[in-house]
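Think of it as A, B, C and D in the order they're written, each chain with its own count starting at 1.
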Amino acid sequence: MDLTYSDQEIQFRHEARQWLTQNAPKLPMPPGDTREGFDVHRAWEKVLYEAGWAVVSWPARYGGRDASLWEWLIFEEEYYSAGLPQRVAQNGIFLLAPTVFEFGTQEQKDRILPRMASTQDMWCQGWSEPNAGSDLAGISSRATRDEAAGGWILDGQKTWTTRGAFCTHLFGLFRTDPQADRHRGMTYFLVDLSSPGITVRPVNKFDGDVGFAEVFFDGVFVDDSNILGEVDRGWEVAMATTGSERGLSLRSPGRFMAAVDRLIDLYKARQGELAQDSLAQNSRYRRQVAECWMKAQAYKLATDATVSKIVAGQKPGPESSLNKIFWSEMDIEIHETALGILGGMGHLESEWMKGFEFSLAGPIYAGTNEIQRNIVAERLLGLPRR
Amino acid sequence: MDLTYSDQEIQFRHEARQWLTQNAPKLPMPPGDTREGFDVHRAWEKVLYEAGWAVVSWPARYGGRDASLWEWLIFEEEYYSAGLPQRVAQNGIFLLAPTVFEFGTQEQKDRILPRMASTQDMWCQGWSEPNAGSDLAGISSRATRDEAAGGWILDGQKTWTTRGAFCTHLFGLFRTDPQADRHRGMTYFLVDLSSPGITVRPVNKFDGDVGFAEVFFDGVFVDDSNILGEVDRGWEVAMATTGSERGLSLRSPGRFMAAVDRLIDLYKARQGELAQDSLAQNSRYRRQVAECWMKAQAYKLATDATVSKIVAGQKPGPESSLNKIFWSEMDIEIHETALGILGGMGHLESEWMKGFEFSLAGPIYAGTNEIQRNIVAERLLGLPRR
Amino acid sequence: MNFSFTRDQLDLRDTLGEVLSKEFTPERLREIFEGLHPIDQKAWGVLGEVGMFSLLAPQDLGGLGMGLVEVCLAAEELGRCAFVGPVVEHTCAVVGHLSLLWSLGLAGGDLLEGPGQEDFNNLVSGTKVATVQLRPTDPVAWGEASDLVLLCYEGQGPRLARGLMWDDPNRPRPSLGQATPPVAQVPARSVDHSYQLSWVDQGQFNRGGIINLDLTFPIDQFDKKTKTLIELVRQITIERCTLVVAGQLIGLADKMISMAVDYAKDRTQFQVTIGSNQAVKHHLANSYLALDHARHPVYYAAFNLDRFVEDLVSHSMSDDDIAGRWDECLRDVSFAKVYASRAARLAGKTSLQCHGAIGYSWEHDLHMYMKRSWALANLWGTVDFHLDRVTGLVLR
Amino acid sequence: MNFSFTRDQLDLRDTLGEVLSKEFTPERLREIFEGLHPIDQKAWGVLGEVGMFSLLAPQDLGGLGMGLVEVCLAAEELGRCAFVGPVVEHTCAVVGHLSLLWSLGLAGGDLLEGPGQEDFNNLVSGTKVATVQLRPTDPVAWGEASDLVLLCYEGQGPRLARGLMWDDPNRPRPSLGQATPPVAQVPARSVDHSYQLSWVDQGQFNRGGIINLDLTFPIDQFDKKTKTLIELVRQITIERCTLVVAGQLIGLADKMISMAVDYAKDRTQFQVTIGSNQAVKHHLANSYLALDHARHPVYYAAFNLDRFVEDLVSHSMSDDDIAGRWDECLRDVSFAKVYASRAARLAGKTSLQCHGAIGYSWEHDLHMYMKRSWALANLWGTVDFHLDRVTGLVLR
């Protein structure tokens, strides 16, 4: 056990901070879930790429700088600490990319990863369908073999595709063997959204922004080079991705540590007014802010423990479900605390309100927290399934 | 809607308060779950009976004073407000008696009720068995017909029989038709615990007192006059009793209102020290005490609403499950608050600690709160069973 | 003792519920939410027809002469459909407030027969839309959509205003009085887009030409006792509004739970109805429990506030009685607001979680009910304010 | 960065776990709980043999020269079996405290070679049982069962005491010093009957004839800097004890969850294993989550406290460094104690609920673990105390 950073890591943090300080865009940026905002974000993420900060832990050959996982966590801390927003490229670089690294051919890696890192291709996730939400194995979109053309014909519908209205590519599961049982006979496809036969309908989310899309497939051709992993083995490939989504990659501790820092600032700015209204109220929020600090710190330490295991060669297992429950509920609590500190103004539109609305999706997506608790009980504690 | 008490009710309260002030025993009484304590309590409850306060809402002919349900609630408030303990006769007067009133023959009422009210017979409940806890329909103790003798032979085992070690009689379910499906073929028996073939083993509870008993039946004869309701219809009869157990009769609001009054006194006595330790802590407990007050008040109001319905001729339904969840969790919260106010001394033995240990049983007995939540969801909200 | 509603009370509620389910549909709510209208004038008129605004006016003034229990029953229905407009303000703070002043002999005869009679009748019938402002710095609910504003400040008698209103603090305004907060501190609008907040400009105070009602309160000429009474009436108005907001929150909670129950009975995942999962059952059971235990405190407080007002009007309380019973009223109103706000918050969260992604979309109605409940929980005293008040009064 | 334990650390933990599972069974715990013995001398001796008490003593003093990370790992095992006796006090507050004074050149050579050497060796090996008292008014944990008590009061150097002890405040005592609290304020015992609380009588202070260890601290002759350092060492001892108690709470939580998981896999109701019910699954998942997130803060605080002590001993910190890093240590220890206490409380409640009636019986072991966790959560600073401290330090 050694909980100190090496000189190299400290130097890396210093470099990252310096670069971000000098190059950060004007803040706050418009929401990434609107057409205009998306473009602003994409441009900024291209700046990141060009300076080598887009995907620090990737090999240099694909656009990264071969940083360690610890350095990636450090970069994330610095990134969020600078007040920067979540990445609109995240579903590509954090969800698809690890799967490509694990299951992709060399040709696929060379073709997909650099364009992804440089924001040329923007990827969205095609998991959910109208009848397959938490129950991912319930999908019915299908792919039919076209042997002559050396590929597959996709038909069906995907829904709740985050930023699908603005993205250029989609990764998703389609049924290739309709006879197989629920968890088999699916294949993992990589789809260019400009292919003929695709219709994208924007769907607004809770806060009114265009957060989602419905994507309709009507005889869409995809050639064999765009299958990730083996035909009919898409479930196993997808499970690797959902592990990432639930676990640390989408929600690195830095984001919550930065949110708590902002919460502390908010409290300090409002402290006088709170105390003037009532000492009890002030004391309640002081404590609540400290509770949020402890939660973010606990999450950071849990992540450090997980990363230590990964670095030692272990694969992260169902622990990712623990993380997902924890960060999603913490995110809501941080924002509820902030809105409470804002008092009677708490229901007005603000950055905190926007963040609160966003946080409400946390216990739902990437598998509801109810499903995650089942996973914890069944896989970590060994309780029987029904 | 009229939330004021009538002159008669106010007069009733006055009388009860006056009598209790003049006749209350020395407090605190020893725990009713020890041999010596049980006898002390039984003697006190006999004093109650002799003055006509044991079962105020029963007809005079059985030992009551024909009081209304509202007056019963008033009596309970005054009783607990005087610092008096829960009744050791409660499983008879609050659980068995309503069932006897509903299902008993005139002969049974005349024979059972006055002896119960006067504490001559002390009743315990024989529901649970080693393999039938929350799942009451899982009982396997059986009754075999003895036509010649005009009765039944009981064999089997009951467990978690509250105060079974000290009681004189037991009411319980036994299987009379082993072929019937789980919820049928049971009969409700009334058993004299001095009958040949009965062995009672005392079982200590969480706090070390003899709270429970295991009762073993080995060829115990019970004649037909001691069947409550019809043979093979015991489930329906028992359900009437469990409704009482969950609902208001065992846990009248007065008990919690009195507990909260004591909590307020405790807080006021410790307020100076709490504030000296830290203003934040003091403010936290101030609020927590107020939360307990609100809970007890909400429970009182919910009970008033239920009683209004009963008085208007409606039967209390699955709402009793709402009440059971609420009072059992409130009881724990009241005691946890008190132990918190006691600070570093909170883990030492005290009346509050004793009450806390007692409260921990609340979410378990009379059907676990998990079962109660199922009932609320299925019967009040109409959600489907699995 | 009887905690049941009378047949008349239930009929009133049912009638209103039926009218609203026809006149104020989720589609109508969505139009307002998306900015097409400020309020629904037609539905407002129908509310007037069924007597909503006249509940707190005495029969002598052309009202129904009912109490807050009835208004809270109505408020549940208004909450259930997230009705848009200053109903609480109009019913309690304008009609109810003026009526109570009149009943206590403090308002001019104008209400009954003077030149203001027609104006007052227009308020009682809902032909005019009124709202209220309690402090010069407060935003006014639906000020732009209202015909008049009652200014009801501490230590002053009520006044009627019709000034310029802004729903956008960035819009230039003629004269910013000192009392108006700087623009930067005033975000433009509630996340509940159907809840319009406006700013009244003190410099443009102008009641001439709009109504004839004479409310000139020679407050400085009143004796101390009368001044105290006028302030008490103002306080009663505030508590009435607070409690009616609690009633709306109860209705909202009920609506959001019902939506989730319906969805959970219908939606299938993992080859079972999601409502058959114990986790979903327990979420909904908890929400229902919180709602059930929040509803009774609302009516308990309403009943006791009604009795307090009755006894005040009939002069049957001593000053000590007034002080003691008023503290109990404050405690009970705060208790009701805290529980109703929490019940609505839990109902919203639970409902969203049971709906899953569909509930998180703008197209689904749920977000409109959730956002209304967030706004109402913050208005007429936050949960924190009421929690402090109930704590102070319980631990006196 | 590396948050994994070394092979050596894990071996230490596993060895201790194996020894305890043989030497300190639930049956043994029950005997103590039911009053048959104060502590288990044999198990205590075995703990000494495997080096438990020497963890914090430097190798020069015959110890293992390890740190608090190792003591916390051991504490988890001690918690898991609810080991009875002043292990925390003995290991951290007596051996650890004297060792640290010695390392800083503040304790006499006695520890190493003087007439007290044998006495100190007896402490390191566990041949003698020692406990501690931090304030003259505090009860002493297992005072009656201990051979000596270290009196370690603010502003004074440590002293060794062997006075009369009482486990019953009603027993007559020779001379009640002013510092002894009146009997009425001192309930007799913890609800955890295996946790013995005693009262040390100041009037009967007597260290002659028991040990030769010379701890005469000429505190008044020290300069201000040295006095400050001695007080800091005392503070370090308190924080170490607090953190080791947190470690025990983690072990207790783990044990109670395991018991419930095992039971839930076995017990059948409604014709299914109760552990297949989603409600049971989610209860246990929540408890496990709380435990998982409480465990890391304990080791984080332990690691940083060890580093602080190392740097203090090597004189490599400036006064400013000391102040800043010490505040972080305090914050982290409080955080760990709060989370560990809550995890244990939740684990106990959940475990009881999953066991149902059987868990509520005296015959079942669960209550002994629950009660230990209640006692430990209150000792070395309540959750309230630590919550306040972490709040103050986060919001400096």
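Here is the rule we go by: a contact is a pair of C-beta atoms (placed from the backbone, for glycine too) under 8 Å apart; a residue touches a chain by one contact, two chains touch by 3 or more.
Everything numeric here is computed off the predicted structure, so don't read it as measured data.
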Quiz prompt | Which of A-C and A-D has more C-beta pairs touching across its chains | solution = A-D
Quiz prompt | Chain whose Cα centroid lies at the greatest distance from that of chain D | solution = C
Quiz item: Can you give the whole-Å distance between the Cα centres of chain B and chain D?
Solution: 41
Practice problem: At least two other chains touched by the same residue of chain B: list those residues. | Solution: 280, 284, 286-287, 370, 373, 386
Quiz prompt | chain C: positions in contact with at least two other chains | solution = 277-280, 282, 387, 391
Quiz item: Touching chain C in the complex: which residues of chain D?
Solution: 277-279, 282
Practice problem: Would you tell me which residues of chain A are touching chain B in their complex? | Solution: 279-280, 283-284, 286-287, 386
Exercise. Over in the complex, which chain B residues touch chain D? Could you list them?
Key: 128, 131-135, 138, 159-160, 203-208, 212, 277-278, 280-281, 284, 340, 343-350, 353, 357, 360-361, 363-365, 368-370, 373
Exercise. Quick one: which bits of chain C touch chain A in the complex? Just the residue numbers, please.
Key: 187-192, 197, 268-271, 277, 279-280, 349, 352-353, 356-357, 360-363, 367, 371, 374-375, 377-379, 381-382, 384-385, 387-388, 391
Quiz prompt | In the complex with chain B, residue positions of chain C that touch it | solution = 1-6, 9, 69, 257, 261, 264-265, 272-273, 275-276, 278, 280-282, 284-286, 288-289, 292-294, 296-297, 299-300, 303-304, 307, 335, 338-339, 387, 390-391, 394-395
